[in-house]
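Below, chain A partners chain B and then partners chain C, in two separate complexes.
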Partner chain A sequence: MNPIALTWVLVGKDLKIEYRSRQAYLTTVFFALLILVIFNFAFDPGSPATREAAPGILWVALLFPGIIRLNRSFQVEMEEGTLYGLILSPADRGVLFLGKFLANWLFLMVVDLLVLLAFVIVYNFSFSIQLLWIALLIVLSALGFSAVGTLLGAMVSTIRTREVLLPVLLFPIILPIILPAVSGTQEILLAQEIQSLGRSVELLLAFDVIYLAAGFVLFDYVVAD
Partner chain B sequence: MSFTWPPDLYFLIMLSPINTSWRLARLYLRIADWSLIPLYFLMVVALYGAFLYAPTEREMGEVQRIFYFHVGAAWNCFLAFFGVFLGGVAYLITRKRSWDHLAASCVEVGVVFTTMVLTTGPIWARPIWNTWWPWGDPRIMTTMVLWLIYVAYLMLRSSLPEGETKYKYCAVFGIIGFLDVPIVWFSIRWWRTIHPVVITSSGAELEPEMIHALFVSVIAMTVLCVTLVMLRMAMRLNSSMAEELTHS
Partner chain C sequence: MPEPSVPLLRLSKVTKRFGVIRAVWNVDLEVSQGDSLAIFGPNGAGKTTLLRIIASLTQPTSGEIEFAFKGDNQSRNRVGYVSHLSLLYNELTGFENLLFYARLYGIQEAHDRADEMLAKMGLEEARNQRTGEYSRGMKQRLTLARALLHEPQLLLLDEPYTGLDQHGSRLFTEVLRGLKQEGRTILLVTHNLGEGLELCDRVMIQNRGELVFQALGEHLDKSGFEKLYFQAVEGERTE
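Now for the complex of A and B:
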């Protein structure tokens, strides 16, 4: 089998597991919804301050629940010992990484777009063509997030305290995603005209390229021999 | 005399007939011991330079003197974290334990120096900028993110059992942590910066006495950094040898 076909087999397998169990994406979306509601309660609901902070709240609601997905990505493999099957298969380690990463990315994009939909409604923004720009920011940041997350998720999957350790390791690394994502969203939602969105996109792209390459190279060292 | 290839730390001391771990540990300790003498001397000179020799800054007053320690620590935390990156890459290529010793020791020392930078910074910033923690400055944010990443590294290290897996994982995390530094830097750079840029490519905007004091202080801090790393590496080598003895 060629590597591309193999990658898609892996992606299809992961997404099928998620689709059939339903547990993961329902919990993830629900957690994100809770964050949106909690922040609305924490600030004065409906006040201008909440609206000002809305872009930041959106990104907290997008990034925190992603941890659930990443933890699950390798946990399901560990439970039945299927990770060893994957490692023993003739597939290259790089293909394994790409398969896992793509499954995580696709999953997060679907969940994130649902959260964006809920966000627009709960925070009273209007549906306009500009939301497509936010969708672009979401797609790019989910890419970087899943690239680092897949690598670190594989790493902590064998550790007893993985649920705590994954966010502790992941969040400092993905801090540079948050800045361009939030300032880009702020511009799209609140500013009169869009000026520096290009810069945000560039930074996210740089992050994505660096960490996708790093993940691809380093994954080999992370999965058990 | 044994020759190992690809080269590891042995290579650096190839000139002496050292080929066993305990001799290597003794060498680290000896380097640390010998650097103590110039270190004491340099520390005294650096203190004299910072508090007595350098003139008081016209606008900032006495509080500016913290600058000599702040800059010395900042330079060394980047040096130490570069050591982590280097040790990580070299470990993954050679699988020699001594590179992991280097990376782990550099993280510990680097975190100490970063903590020093993040403590001296606010003490100076409060009277000068009227705020402890000015958000949005690339240097401050980058240093803080570095601190967070390497404290996370220490947590990862302490939650893994001894073994090759641990050294591999730590090497990987050390590498991806270091890759973050330029991205954090650029993602904050297009915010307004208020951090003073003292040394530019066109030269330093300081009195000559201040430059002398800064120079001695940076050297003293670097010697301190190397000494601490050597001590930690000797400690690690000793404990790994003790482990081998008890398990064999």
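Now for the complex of A and C:
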């Protein structure tokens, strides 16, 4: 089977499992909504302080729940030892990485866009063309987040404290994608201009490529032994 | 196919350490095409680690492993592995699990092959049932079907009788006996002396990582071997 078809077999398997169990989907969405609502209570609605903090709140609501998905992604593979089933197969390890990464990315896309929608409603922002730019930032940052998360998720999958260890390892590494994503969102929401947004997008694209390439190459070493 | 005189698998001085613990120690082993070999030993003897080394799930600290077939992908295509874990997705049906693995192994006509294996293991009726709802015995048969999908030359079985009741064990042994008659090479790791002796032509005892005893199974009866087993294991412990 060619690598592209095999990648989609792996993606299809992961999405089917998630659709049937709905475990990560429900908990991730619920956790994200909870973050949005709690921050909404903490700040005075409609105040300038709330609007200023809003980009940060959005990214907290996007990133922290994403950890649930990444943990769940490899938890499924450890329950019955299916990770060994994948490793034992003659499939290229890079393709195994791509399959897991794509499934995580697609999953995060669905959840993140729902969170963006909820954010606009809860924080009383208007539905405008600007939201498409935020969506672009979300799509790009989720790429890097999924790539590093998939690699690290595999690395800690056999460790008992993986739920704690994954965010501790992940967040420092993905700072280069969090920072441009937050500053880009700030620009869109507060300054209502997108003149220097191009710089954020460029940074995100560059780190996405680096993280994806690193994941593709290093996955073999991570799952070996 | 390798020539009959060439061993399918050869281990030379294979050792695996986890820190100061030696899980496998200086193991020399040759397995030829069509052999059926049982490795017995107490908990912590290093049987599972030895099997994982052969399956290339873990690397030895030192020593060499040679397969008659060359290359990483070749060996992964020729080895089937059954562990005490099912390696199946509970949320997928029996058919979906086999179809997924068939595609992973690049099997042509994956649908037909998955159905064929379900029929061979007597699981046609549970075809569309999620494996999370399977009984332990059904799951173990599906596990074996998964391991045999790509028609491996060497079948590695790690405690396949764990959790099976008498009836399940009997059914499983019958399936394995059929595979032996087909000429497949079987390497079985088990606590179950009776099943192992009944099924395999060669037996070995592993203790504290070392292979301390080996004989041809046909020369041994269960009670005699039981005595030998305890001597080999307890003798080492009291030394």
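Just so we're on the same page, the second predicted complex is superposed on the first by the 220 of 225 C-alpha atoms of A that agree within 3 Å, B and C clash if a C-alpha of one lies under 4 Å from a C-alpha of the other, contacts with A are read in each partner's own complex, and residues count from 1 in each chain.
Here is the rule we go by: a residue touches a chain if its C-beta (ideal position, glycine included) is under 8 Å from a C-beta of that chain, and two chains touch if they have at least 3 such contacts.
Since we're looking at a predicted model, the values are computed, not measured.
Student: Check whether chain B or chain C contacts more residues of chain A in the superposed model.
Tutor: Of the two chains, more chain A residues are contacted by B.
Student: Looking at the overlay, does A:158 come into contact with chain B only (first), chain C only (second), both, or neither?
Tutor: The first partner, chain B, only.
Student: Quick check for you: in the superposed arrangement, does A:222 touch first (chain B), second (chain C), both or neither?
Tutor: First partner only, chain B.
Student: Per the contact definition in the header, classify A:22: touching chain B only (first), chain C only (second), both, or neither.
Tutor: neither
Student: Can you give me the overlap between the chain B contact set and the chain C contact set on chain A?
Tutor: Correct list for chain A: 224.
Student: Which positions of chain C touch chain A when the two form their complex?
Tutor: 55-59, 73, 76-77, 79, 81, 83, 85-92, 96, 100-101, 103-106, 130, 146
Student: Please name which positions on chain B make contact with chain A in the complex.
Tutor: Where chain B meets chain A, its residues are 92, 145, 148-149, 152, 155-156, 159-160, 165, 168-169, 171-173, 175-177, 179-180, 183-184, 186-188, 190.
Student: Could you list, by residue number, the parts of chain A that touch chain B in their complex?
Tutor: 148, 151-152, 155-156, 158-161, 165, 168-169, 171-173, 175-176, 179-180, 196, 199, 203, 206-207, 210-211, 214, 218, 221-222, 224
Student: Using the touch rule from the top, collect the residues of chain A that touch chain C in their complex.
Tutor: So the residues of chain A in touch with chain C come to 1, 6, 9, 13, 16-17, 20-21, 76, 79-82, 84-91, 224-225.
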